[in-house]
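Presented below is the structure to which this report refers.
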Amino acid sequence: MRTERALAELVGLADGVAELVRDGDTVALEGFTHLIPARAGLEIIRQRRRDLTLVRMTPDLVYDQLIGAGCARKLVFAWGGNPGVGSLHRLRDAVENGWPAPLELEEHSHAGMANRYVAGASGLPFAVLRGYQGTDLAGHTDTIRTVTCPFTGEELAAVAALRPDVTVIHAQRADRRGNVQLWGLVGVQKEAVLAASRSLVTVEEVVDELEPRPGAVVLPSWVVTAVAEVPGGARPSYAQDYYERDNDAYRAWDAVSRSRERFTEWLESVRERERGSVRRLD
Amino acid sequence: MRTERALAELVGLADGVAELVRDGDTVALEGFTHLIPARAGLEIIRQRRRDLTLVRMTPDLVYDQLIGAGCARKLVFAWGGNPGVGSLHRLRDAVENGWPAPLELEEHSHAGMANRYVAGASGLPFAVLRGYQGTDLAGHTDTIRTVTCPFTGEELAAVAALRPDVTVIHAQRADRRGNVQLWGLVGVQKEAVLAASRSLVTVEEVVDELEPRPGAVVLPSWVVTAVAEVPGGARPSYAQDYYERDNDAYRAWDAVSRSRERFTEWLESVRERERGSVRRLD
Amino acid sequence: MMAIEAARALAGHVSCFVGIGLPSTAANLARRVHNPDLVLIYESGAIGAKPSRLPLSIGDGELGETADAVVSVPEVFNYWLQPGRIDVGFLSAAQLDRFGNLNTTFVGGSYASPKVRLPGSGGAPEIAASCREVFVMVRQSPRTFVDALDFVTSVGYGTGAGHRAALGLRGAGPVRVVTDLGVLEPDPDTRELTLTRVHPGVAVPDVLAATGWDLRVAPSVGTTAPPTEQELTVLRGLVEGSQS
Amino acid sequence: MMAIEAARALAGHVSCFVGIGLPSTAANLARRVHNPDLVLIYESGAIGAKPSRLPLSIGDGELGETADAVVSVPEVFNYWLQPGRIDVGFLSAAQLDRFGNLNTTFVGGSYASPKVRLPGSGGAPEIAASCREVFVMVRQSPRTFVDALDFVTSVGYGTGAGHRAALGLRGAGPVRVVTDLGVLEPDPDTRELTLTRVHPGVAVPDVLAATGWDLRVAPSVGTTAPPTEQELTVLRGLVEGSQS
């Protein structure tokens, strides 16, 4: 697979993860509640990646799973919870008790993370925002500093650009040339792909032609590294116009993740699956 | 008319200009070739506004007309020409010969202007970009300075935020509540409206409901000050799905604007028109 | 009662920035009963969302489908929240102090080795900084209403009067803290949170007992009007709809 | 010949940033003859535009209608051009110097009181800075190919080798200047523009006479291959289509 200068390749999920997600990488699996690349996350677990720096504005189940599985050494994030349900117990266990391994945190606010992706996508080393003043965050996070406006003298927050080695997202569609289309709540996915050195996009379906849709974002093939057709790849989150959010699965994860034993059983069940047939979480 | 905290008011063009565009204002009539608010420009001429600071990335015919008519004391811009045709002769006459009055210039690049609007829309005093290094622009423009990245030490360009007193744009549609919808090449219009204290949007038509459209930008009513229904309000530029660009009119303007006499005749013809019935340029 | 009280306070406001849970309930209740034109903005990018049921998550599909506009997450924060366009932001917290500063990061131990690690800041610091006004909704208890926060995630009035301005924060800060017991508002001079109202059936000493510092009480403490039939009916409908 | 020469040079490139006029002609010719996959990006926001005729303006309606994606103008510059994603940018100018620096601001007099005021920079400074390579297309004459610019609007190689790196510019700069007489390329060591090729029927002295400085000439100057039937046919079709 080649970098952004050529067209995206159509690949299988297992091959895409094998080639594009490497031990020690900084990996962003983005999706703001909608279109979370959950299936790709399971494939990373199945392939036993190690020492990843996981980046995401809103780490939820998929990062809880990756952290519990021991794939991560560091988490770069703004809000880590099970939305509408409660804690991420695997994340908490790693931070509070170092199980299965200690987890380094690089913590920002949502606006900080969003602007870090924007800077990465824009080829800038940093971004400027109104934020962090008076909070304890800057004291714990190296990638938050200040910058002075050269016109007004005002002091503002500066955040370092995010440049993942690889960004993984899920989208509704791609065409056979690898142009990607997503719609609905589009989150920060465009920025996360444009900020990264490589990108893997799982899609609900590959179609002959991308018909224009209201609110759709198109990522042209030449800025995407690889596309894998993975129907249901965002479950238990949702893919607008394909399937709804499986709220019960989010609630069910709470019980699985609360105990190391039940989580380990879950993990073994994931790892036992054959290549390319990772089961959906339930 | 009220500011952004309430819903937009539906007004006539003459009333909208009378109330929202004031002598001495900083006024942005934006539109990147598509959806240029040309009719609103003629109304400003008809109402004989004075001492305006005109802001636009690409001043073309409408600014040539405003400058020739003596409405402007300053131009903030990046590219001032008749696209595909040649010079703006009234702009040149003002800069080269001070006719009808001297014109102060505040000159940027496209990226600089675009980022100045972004900063204005974002409530930031400045924006950072890679630009201007090695050019003579920074030496002539106060609103270009440098800023040092607090992470890498790299020196980058900083541009001061643009905050027009009033932004005027043209859009395809609004609904009766004043929500505005535009599509096709959307330029920098959203940023220009959000950066401004007040805004006036002329639209091809007011409809009962804005049906979603691919690529459409919606400006909610509560960030728009007033909407005026002005069919054909972008002529001789175009409004996608309403009418095409009148390339002949752009070519014809060259001859009108080349001579002060012919321009003055044109100007008198504009001023003679009755309120609200400004003729199209031809 | 918390949702009803917060919903009432949204009357007369144009726009509010909504999180999930009680704030979403309050905002949707307000849109149905107290302020039909209220513009709901979710940080997931839905501007002017009109959900028919309560979303479980801020990214629920219906938010995008019913919105006037859907924008990217960077745009929500940069073009909509940061410039101070939004009237009211809702926040909650695991800890709150007398100046309305909030902690959603950790409780106990240290940042590096916390006893209880919380989800973190999300959009809260910017909501606290940039909304014209902030409503805080928290259940009141001495564990939550603490003398000193373990971590300042979002700034209320900092160390008191003048501190927000010194920090360059442009919104007014937490003008109202709605709890399950009553309503606290900042003292006009010191900005210290002061009990101004109790909910029906709650006595002032109950509130003092549920507060981890020596809570100031206004000279005259009012009582919240009881829920109306309409409020209760709509609220029940919203909550049931979200569980089906 | 200028358009044909520039179109040929686009073979093997993925994307190009297109202005109006000759560059647009060259890019559209290339997409039809030399490089069918070439991605055309217009600064008006059309990414992957596939116009059937030559647009008169960079904002022509057909650009948006045929594009893979239409984005805002800030996004074109920030997400697409600035990070160096685009292979080739086309520029023209009223004045060009021996290091490929360009002036599109004014000629004669001073900045404050110019003899001839030109349109200004537009997107040219960023195209010159950030495209991986820049192709300049200018008709050659001593008035245009000058010893010293009246104003540096866009940077080529600045004062010579190493200057772009010192300025932090990340693209390679003007790797090719296509004129109506031939092709100039930067000397590998000094970055001074050097005549490497003449078009059919043009002699080296003709080019020297049309240059306002003592133009360097490569040890062996080639001759551009004459236009093919296909190139001429497509070019005629494009030009006629745009005038109808």
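In order of appearance the chains are A, B, C and D, and numbering begins at 1 in each one.
Convention: a contact is a pair of C-beta atoms (placed from the backbone, for glycine too) under 8 Å apart; a residue touches a chain by one contact, two chains touch by 3 or more.
Here the structure is a predicted model, which means the values were calculated and not measured.
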Counterpart interface for A-D, drawn from B-D, B-C or A-C and sharing over half of its contact pairs: B-C
B-D against B-C, pair bridged by the larger set of C-beta contacts: B-D
Distance from the CA centroid of chain B to that of chain D, rounded to the nearest Å? 28
Interchain centroid distance [CA atoms averaged], chain C/chain D, Å: 56
Counting only Cα atoms for the centres, state how far chain B is from chain C in Å. 39
What parts of chain B, by residue number, touch at least two of the other chains? 118, 123-124, 129-130, 154, 190-191, 215, 217
Multi-chain contacts only, two chains or more: what residues does chain D have there? 78, 82, 130, 170
Report the complete set of touching chain pairs. A-B, A-C, A-D, B-C, B-D
Chain C residues touching chain B - in the complex, by the definition given at the top: 14-15, 37, 39, 47-48, 68-69, 78-79, 82-85, 87, 130, 170
Okay, in this complex, where on chain B does chain D touch? 32-34, 57-58, 77-81, 83-84, 87-88, 91-92, 95-96, 107-111, 114-115, 117-118, 129-137, 140, 154-155, 184-188, 190-191, 215, 217, 237-238, 240, 244-245, 247, 250
Residue set of chain A touching chain D in the complex reads 4-7, 118, 121-124, 179, 190-191, 194, 217-220, 222-223
In their shared complex, at which residues does chain D touch chain B? 20-21, 43-46, 56-61, 63-65, 70, 72-74, 77-78, 81-82, 105, 111, 113-126, 129-130, 151-155, 158, 163-164, 167-170
As the complex stands, chain A meets chain B at residues 123-130, 143, 145-152, 154, 156, 158, 160, 212-216
